[in-house]
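As written, the chain order gives the labels A, B, C, D and E, with residue 1 at the start of each chain.
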Amino acid sequence: MVSDATSSDEMLPQADDAITRDGKTLILAYDHGLEHGPVDFEPNPETADPEQIFELATHDAVTSVAVGKGMAEAYYPSYEDDMALLAKLNGTSNMWVGEPDSAVNWSVDYAADLGADAIGFTLYGGSNHEVEMAEEFAEAQEKARANDMGVVMWSYPRGQGMKSTTDPDTIAYATRLGLELGADIAKVKYPGSPEAMQHAVEMAGPAKVVMSGGSKTDDEAFLSTVEAAVANGASGLAVGRNVFQRENPEEILDALEAVIFDEQSAEEALEGGTAPADD
Amino acid sequence: MVSDATSSDEMLPQADDAITRDGKTLILAYDHGLEHGPVDFEPNPETADPEQIFELATHDAVTSVAVGKGMAEAYYPSYEDDMALLAKLNGTSNMWVGEPDSAVNWSVDYAADLGADAIGFTLYGGSNHEVEMAEEFAEAQEKARANDMGVVMWSYPRGQGMKSTTDPDTIAYATRLGLELGADIAKVKYPGSPEAMQHAVEMAGPAKVVMSGGSKTDDEAFLSTVEAAVANGASGLAVGRNVFQRENPEEILDALEAVIFDEQSAEEALEGGTAPADD
Amino acid sequence: MVSDATSSDEMLPQADDAITRDGKTLILAYDHGLEHGPVDFEPNPETADPEQIFELATHDAVTSVAVGKGMAEAYYPSYEDDMALLAKLNGTSNMWVGEPDSAVNWSVDYAADLGADAIGFTLYGGSNHEVEMAEEFAEAQEKARANDMGVVMWSYPRGQGMKSTTDPDTIAYATRLGLELGADIAKVKYPGSPEAMQHAVEMAGPAKVVMSGGSKTDDEAFLSTVEAAVANGASGLAVGRNVFQRENPEEILDALEAVIFDEQSAEEALEGGTAPADD
Amino acid sequence: MVSDATSSDEMLPQADDAITRDGKTLILAYDHGLEHGPVDFEPNPETADPEQIFELATHDAVTSVAVGKGMAEAYYPSYEDDMALLAKLNGTSNMWVGEPDSAVNWSVDYAADLGADAIGFTLYGGSNHEVEMAEEFAEAQEKARANDMGVVMWSYPRGQGMKSTTDPDTIAYATRLGLELGADIAKVKYPGSPEAMQHAVEMAGPAKVVMSGGSKTDDEAFLSTVEAAVANGASGLAVGRNVFQRENPEEILDALEAVIFDEQSAEEALEGGTAPADD
Amino acid sequence: MVSDATSSDEMLPQADDAITRDGKTLILAYDHGLEHGPVDFEPNPETADPEQIFELATHDAVTSVAVGKGMAEAYYPSYEDDMALLAKLNGTSNMWVGEPDSAVNWSVDYAADLGADAIGFTLYGGSNHEVEMAEEFAEAQEKARANDMGVVMWSYPRGQGMKSTTDPDTIAYATRLGLELGADIAKVKYPGSPEAMQHAVEMAGPAKVVMSGGSKTDDEAFLSTVEAAVANGASGLAVGRNVFQRENPEEILDALEAVIFDEQSAEEALEGGTAPADD
């Protein structure tokens, strides 16, 4: 019997401290140029310029920026005092037509040299490349631990044999994979309902869960989903298109800050005003 | 002629001492979240919380807890004085639809750093990945030896060309693979009869054999099988679902302790009372 | 907020300085003997002799010569004071009939020992070998950084599932891959129109874009395309056949110098005279 | 001209001294539990116990025992003063249904640490895994040389495209592969006739050839074949089933000693009496 | 401009000095036991004995002997003062039925330890294994450079999609691959005509070209081809069967010496007398 064990939250290595604030997280992800190509910048062409995004990431709401090696090399040295870096280690263009897979584009040591605070790594559970990806994740995870970096798993079941990539059971399995394999944070798609979100969060145990923003939706639908996710245990959000494809990305960041960190409702947040200004 | 060779038991490196007691073993396995997903926790939802299991593992009957890297990182530091750690090195989600395979999610050195006493490694004999898995096992086994850690093989023939994964010949071959490849303990499914169990144990020579608990069955059927296994030479049991899917997992651990360590019959054990209390 | 960030050009590591002049670049590429075989030398048989090309590369317009290991070993020691070396690390004969792939024929360390100033690396986005090639690129890129060498990506989407390898969207994706994966310069095919070229350049952000010369065309068509590329943001040209398959390769280099470095029109350049002489 | 070269036998590194006596060899092989499973022990169930075999291997006739890592770990420390150890490095269960392949279950360095005098390595010429296996053999062979260990190749052509695995041309090719690739001893099946055996031995040049015992046959047939093999140049025998599947394994070892080391005929050896007693 | 560059021959690293004489080369190749099996020794059975070949290789005409690791280990220590060793690193039996491939049977470091002066490496351009083989070649080539060893490429296009392995374009491509990838010498089949030979030699630039002897032909045909090859720029010959399958191998070596080193015609060489005696 361990009498001094209080809560499971205390047990997990606090390796993700650098990319969370008060246990909450808002990851601004910007690897779309690799994963989807320039088409994702069409709704708001200025956002093809990475500097726009790094500027956005200085917003108080953002607890880390998730980018690939090329972006980090070119921009992070100028912004390292302003934001935490989540080094997205693997990724592949969508010209790839094979079973879901992701190239490891970045070594952990090199990411650490650039000042990264955490690593991000995609695992496609159910893909014919799952075993290979899990082994690549394992190696990166241990190197991250050696460098005192946090570990975020993009846990995205897909591939041969997966009928749905977002049903509640799949997402609950996805968060659990994060815990079982040694991630501090599992990033998953919203499983469709508050109950399913709550279940997925429980399955992650002491690991945190962040909702993936996904394709752009309207303000109300988007914020309501984030509100539901956070209300049901999610530690926050990883978001890209739902911020930078908007006309006014700072406004939605203000609203997200209100929902995630200030526990406002989506409705309150949309009414604005109460969100802290970006200083 | 070697005159001072007395029994084969003395010849085998006693590398598994840390995870046995009086030559007997009860492994509490908890890698179901990885191998099967949250569905395994549905019969007893609280057991999705790893802390419940680590608490259970403080029961006197348990000689080691078998978990993956993420679990060990999050919980073992709080429990290391209370139980031995069997680091389950490889494993894969059941979203995988290819020939049976298992990702190596954990390096032996990292497991040793976390205080693991032994490694656990799955080998799917007969799978198209058998050769690759055996080579991964070989490397892990030698690193375990270098770290004075015991070696437990989850010896599970399955895959293309295997008509049955539990017939007596298959299980006897499975335990033999453990001996031939350098495991201290071979974990196998119950081969269906006392005679088959005895044969499988003989084929393991000086290596120990533990029965795999498998899917949940009723108390009497389960304990009778364990009794038969132990009576026919098995050194004990590796169990997960047959403990944590029960309403009262501690009760079944009490009964298992009686059967495995105190050589009681299943019937006696079910009548209880004589089993030592969990202090 | 980062107040002292002025232009994105200042952010990118200036690792390509050694192979550019005033931010412009003209790469004389000569790996055709590997990629296409001797057939490419038929229009001007003397150019099968590498010495002819290395002599050509002493032309003022040329900012680097891109060759494979064998060429560099045999000739670069005699020319190292006269030109920068762009070590083309991977390449494969066109006898290869599988999905597009490219063998890594040269280690970065060996290239550095020979005095290379930058590496060149082909990535076939969309090929079934894309993931493998990207991982090879990643390793080479980091070793190049450790050796203070520039990185040029031959970003050539092709393979299963690619309907076109030159349409505007594909080329824009190709330049973006260069930026995302950590190249200083992305070498791509001309996307067919000034607007598409401009878009592709924008997608590369602070990374430079050079147009690939491609098959030989007539002087006016060729120079007009180069003019259009440069006018729309390309940093220059990587050229082989359009130089060495001509009767008078020095003349076209004179004209290219005028277009790329002196911002003359193709028409002016063809009229000649104003181009600086090759000293 | 090399005047002092006398016989080719002197040229070959004498790395196999430790596992031969007077240039003759009798390898007691006991990897059947891995390669075939417990079924091989059914004719003489006691032989499932490795200790029985290690005791047998103390017989004067036996020049080395060939076993896998698990066996060597468990028993060789007790027998290292009584016999030479031939570490059988690779092997695979017959549950494997793919093209012939063999997992490398043992590193050479680990085998050396355990006191092995030589390595044994299977090569399936003609298998779709031939190239991979040859490369694994090459690495093991060089490490064996660095450890002053002998090298025995189980040279067994089989797999796609092999019509026969025992015809004279195949066996002659098999022994030659042993010589060409750097084995000290090639272990092959009997090619069916004295002439074919002689030819196969010649093709091995200075490398030794040992006949593989194969499935159990009657005493006369077995010993006559061994007699024919030895009379035609074979250095001896590697035997398992034809010893341990017999009722009285020591008797057949007595007879084999007479045939292999004392050059008796099979008939003389069967009449017994003249064979030295096992002390 | 490099004024002191005189001839391209001076630029190439003279790494092949140890296996040439006056810029000419005659490689006695003896890897047939691996590549083809004992069938190649049937025309002259004594040549199955490697000692016969090593004795032959002491002939003045021979500038190196090309053998595999097993041969070199067993014989080269006795002959190292009499001949240069060309370590044939890769090779595979013709029992292999997959796409052309070749196992790397020998590490460069081990070859260097045995006193090898150069490495030999087969590349099957056009095979589905071309990329893999080229990468293996690249690694071996760089290690050879580090050991001051020459590099000979057996440049043999074959495999899926190759209609002819000897047409002039294929052979010209093959010699060019040698130059591009960093070989000192490219070994190719005779392309069928003097003009084609000359073209292939030109495509190799400063790298030398040696003709592969191929299957046995009659004296006049064979020597005439060698004469034509040398007259058109080949640096010599790599020969096996056309020497050792003859009744009197020394006689043909005498004649080859006359043709290759003394620039005699085939007719003159066949008349003999003028060839220097083997001392």
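Criterion: contacts are C-beta pairs under 8 Å (C-beta built on N, C-alpha and C of every residue); 3 or more make two chains touch, one makes a residue touch a chain.
What you see is a predicted model, and the numbers here were worked out from it, not measured in a lab.
A turn of 145° superposes the CA atoms of chain B on those of chain C, with the angle given to the nearest 5.
For the pair chain D and chain E, the distance between mean C-alpha positions equals 36 Å. Centre-to-centre separation between chain A and chain E, using Cα means, comes to 58 Å.
The multi-chain contact residues of chain B, meaning those touching 2 or more other chains, do not exist; every residue touches at most one other chain. Beginning the circuit at chain D and passing next to chain E, one meets the chains round the ring in the sequence D, E, C, A, B. On the chain D side of its complex with chain B, the touching residues are 31, 33-34, 37-39, 41, 48-51, 54-55, 58, 68-71, 73-75, 77-79, 82, 91-93, 95-98, 101-107, 110. Residue ranges on chain D touching chain E, taken from their complex, read 1-2, 5, 8, 11-13, 125-126, 128, 130-132, 134-135, 137-139, 141-142, 145, 157, 160-162, 169, 172-173, 176-183, 199, 202-203, 205-207.
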